[in-house]
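As written, the chains take the letters A, B, C and D, and residue 1 is the first residue of each chain.
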């Protein structure tokens, strides 16, 4: 996962982009980078860490111009063995030069949210001599630059449309050339990409609408699956349609997990308000799996929205029996004689007096490996709770994601090999219930536009 | 405000202290320091920043020994003009050498939570030649070391008891000598200080009981106002009584603001569970000032606990209409053409769809200057709320605090010169109500042991 | 300019490389990087700054393996506008993957000392669609990787030989593959490259032999111009010959400026001992341009070796009338009311009592723009010197270098438009003399193997 | 050892001080700090590291005012166990507040070069209760502040004169009050302190005159032993005389080691030009211990000045057979299979071709433990030298220094237990000779004003 932002037509485009990235920080905390363009050249600044750590006054000042695109990076498990220098290399925007015309070279910058499924095959073909393409990063995004550079169309719009044709997978992309900001959403529309308008008439494109609030942008609309939007003047926008030989016209598969967990509650994506959708999941869950209990306790912050819905529907009062620490740093040093559930305790603590002797409905959004929920339940038991009824506001995750959600391999997914009853036992809950797939579909107001593959194994494309 | 922790009788005393300080991070985020003692010498490590930033593996490893005390620092407005080097100098524990006997010098370490009201007068007397005492920091704590060093008693316990006699104000103190950890709470008991027992039989003293949870300590009891507790073996604790010429025996004035705002909801201090006390404030507030509305919205995170109480009592459902960002860094750079309510927006965002057209009860714990609540109300209005009813779970603050809470001068306190109706108008609320003093007393189960001076102006000592 | 080092067959290859780079620090102080190979993968570590700043214990530990190559970077004027992140990107070794066989991908690492003169033309051809090669750095070295990747030979040795065929300019190169270290010197032999043997039987290749001293390597021989040496076992070395369509067989043009200024005095390069060669320049200079004076004063450290020769030949005693500071940091802040010759004064200071009333022979190795020597002369005059006779141990520089020496444009070279007499006047010397070209040839024991283009304008290749 | 600088009457006093400290960097490289005064308050900035690392534009800008004093710190062996935070605490200027009059508090800043021999006794008396003085650093300088603060004179000049009376040892001091810069040299005059005049009429006081060159100051005169100079206007200077009950009037003992090794060659201290004095040592050494050899080789840089004298007197040509690296960082990582003489090799390298088969006079200023010279000799032997004749331009060091030179304990001084012949054998030289005490006296133009205790054991005071 990653967050992307692009700004066109603002005298401080980079600052707006930086604040937009800050609002999208939940989509990636491991690095951030911005590229801007000013009359003659591209400026680039970035680094590892949070948006607020990477950028300072001086760096933002260097990012001159009326256009900018930026990216906040989410590190996956693979990154653990990568040297710091290579992590920096992988930061986006990638900015590369290529030839428009035999005599004209231009730079292009690109940011990408998603995952290309046929990336290795495409790369392989490009690397075969005598082509002998050289890749400078381990990012799948780089293949896109190569594909575009090899096209012979002289028009950049045609070139991107053609360059993207052989690509499979999920991609919301932003390009910046010396004149344009171009936004693209893959034909299946896996990842969100929304358009906003700044108060000065400029435009902003971002992964989620929450990026608009901080910078006083107005939500305009979602970019359509398979749409390419070209912004090169403030008056009119142009729109083009991607064609893919692999994808049936009109078929969409927007990632439902964005609505369940990933997106920020105050965002609007896929034309749905995230908080309300999650609250609805909680309400339907309460209908599907009611229970008699003293209180509803959310796992902070992931279970907050659904727990509100559960509480309202069930009329069981909400209590904040678990607290989340605001001061989690990167690493904590543990005593030699180690502390039970140290990792969870650093993040969460229970309020014993609230929980003692009580029967509790514990609400969270999903269970992946089940290690965290197990520790939370033990913590709540230790605080004296009488009964713990776990309610999960999405169906059991049984399959990995190939389209950009960092879900582990099938082997590590607890629900891929265990029944709900087996999981209940292993996590130590008194009862356990998941929202049904039908319930989820109802909550998201299903219109055949969503991908549920992590719950069903029916992948829209391979 | 500050957080203090002391550990006796644990092979990794410094690590336990460090984790305790992390749990007390809400009491001060500007610096942290730990001193430990190992057979022959004191070790000290610390710096500016969060506990997780200041300490790393290497630094903790250097802090050898079975005893340690630590401190997390809260910066006040005065610190803005102080150089970084001087801020480091002011970090506690202060560790100083003084003479026990004509031939024996020993070091003592001290941490302090509170504020000494006659500090300048005491310092002045000490500095007069031929005494000519030299102070090396601007901290009021340093005067305590001087007072103790000048006593001629050869017993350190007697010396501290005597040294503290002329001191007025609030102080929860921890001392570490080469043999003992000593905890002291001032005779009026302004600041909390709680005792816990570690699983290995060692002891932990801390500002709040939440420090025990992370390190698997068991809550034993609160140190009494005017009590000095001496820990120098695991088997028995000794306890002594401070005598002050200025304070009537048996009079206590525990800071009620700790219960309203400062302490962590999962702590037990002053023999009260904080979350439940705050929830009760919300319940009583709902009884005192009911209103017909669509939803209760807490100001996160300060209004959370009270809003639960308000919602339960009023039967108006709770909705999370405001979200708090988890990624607030130290500084953010704003565009030249500045953004309305930039500061508040960085921290909070509203969920427009939830609030639009609704009548809202907005719950927070207190109003100081009223600037923040004003911006929040404007943000909620901009999101389309129909009515905003502000409910504050404590009485109007009309007087500054001289005992350690960083409340500004009377001039800056909005409630010191304005009626509730005037404040309501200026912040733009439809209705505004504060919890009554009686209601507050009921919520904290008043037993004449509290200081309400910020609401009443009746200071227990000057 | 840059320094390069490669090590084969040592259990701590990276550490040996690091110490070798430290010894070559005078060839580049702006960044350093090392890549090593261990059984399965390449490791890379590097950064901006001095070798001693870039590498620490931890970073060196990560660079596992029996082979390593490294590079210390010299920044040119062009780098001033480049962002820090891009400077890091440009650090060498470049490590890239390419295809050996249709099914086998391998990584190759490369370091380069020199400058390719037809780099832009080669890059241009590679970038033309449908080739559409993508370059990830602004370094001329990257073109080499592309040329090699496009060759269809399956043997890496043949592939490098073929890939280098179209290249013009100066290059001493080291390659590291998963099995071999390969050293290459361009057919004209502009830059040095020497081979040494480690005490454990492993090999070391480096820009200068001074890199061997620190690591206890024995000088074996210089790599020949146009030679490619392949090291993949300790027993035997293999050697190959580069063929260039542009260069006449047997023609060499080793950079004489390496002997005059760039190389370290304790190195042997081009089969000449540098210190002795410079001393000889001073001796011949004394014969060509004798003068009656009280003392010979070297400009430290560049004039040291030649001044020894001048003093011995002329029998005029050497005096250290100028001192060089050892504590020059990156930037110094000057008072507003600026100090005369601030920059030179930070680096050099004169010993007034030594110089006062004396007639002085001031010896340096070369004059480029003449600004520094002018300030030095003013400083010596201010110290009370009676006469200043400047003696330069090389001929006037009249032409820029296209082969890797950072000599400015013709316009900035004082000797390109001014006679010796004009320069004498402008720098304020009493007399000024340069070593003649013939004298220089004598000093370096000319055997038609040198490039004197900066003095003559006769470039060996364009 | 340390370097101190004070500036009075310059609009950028701190910048001038900073440049002065840079020129005195050889007197201490471990930390630097400056305090300035501007109308109302003192400003302080400093840190660990080189002057150029500690100060940047921003920090210097904060040091406002017309007066400033600064210090560069030399770390002794004792510092190795001290935490970084405590090292920062020990940085000077110490700035402390004390009482002038019952109602007036003022700050005073102090820097100190030297060592107080009765410091522990004085400290002990001050710490006895009921005095109970508290010391905040382990620096001997702090005792001076206490002594001054305890005096009851209302005039600061009288107060310092009185406060210093009980003090023994070496001290060159600078004080800064809100109105004055005060310079003091101890009655025996161990350490230098020189006065210069800035071009704008302001004054500068510094450890050595080389500090004046960089900032365009003119040397005025040395402060006399036992003199206190008070600068509070540009027109006139006032001078006072220290009285010590322990020191005979008129007796002086200026540290001869400053002339031998410590001071910079381009300085004038003790009314002697350092470089010329050292050259004279070399000349007399050549007369006392002539030898037939091919070349004189200095140990860089410490043997440079004396080797010039030796070469001139002996008519044996000087050759730079040893080179010093300019890129020595703080730590270097050595391979596991360690390199012989690694430490020396990092700093020095030999030029084999110059030394091979030659008979060499190796000149250095002194031998302390003999480890370094032993390694240098082995390095020169390995380079093929035929004969090595070591000549030391000072007598054998047989006694430790109690007055500020970091000479180790007697046990570690090779000459304290070994004859010259024994040392010769152990270091591996063919011959070894030291300058005689008489020769040294001649070289420094002895006038009974010097301390030779490290050679003779006759300490001027205990």
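By our rule, a contact is a pair of C-beta atoms (placed from the backbone, for glycine too) under 8 Å apart; a residue touches a chain by one contact, two chains touch by 3 or more.
This one's a predicted model, so the numbers in the text were calculated from it and none came from an experiment.
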item	value
Co-neighbours of chain C and chain B - touch as defined	A, D
Most distant chain from chain B, judged by the mean position of its C-alpha atoms	C
Distance from chain B to chain A - Cα centre to Cα centre, in angstrom	37
Whole-Å gap between the CA centroids of chain B and chain D	49
Chain centre separation (chain A, chain D; CA means) in Å	61
Junction residues of chain B - those touching two or more other chains	none
Those chain pairs that satisfy the touch definition	A-B, A-C, B-D, C-D
Footprint of chain A on chain C - complex, ascending	33, 43-47, 62, 83, 85-86, 88-89, 96-99, 102, 105, 127-137, 142, 145-146, 149-152
Chain A residues touching chain B - in the complex, by the definition given at the top	11-12, 15-16, 18-19, 22-23, 25-26, 29, 50-53, 55-57, 60, 200, 210, 213-216, 264-266, 268, 273, 275-276, 301, 304-305, 308, 311-312, 317-320, 323, 325-337, 339-340, 345-346, 349-354
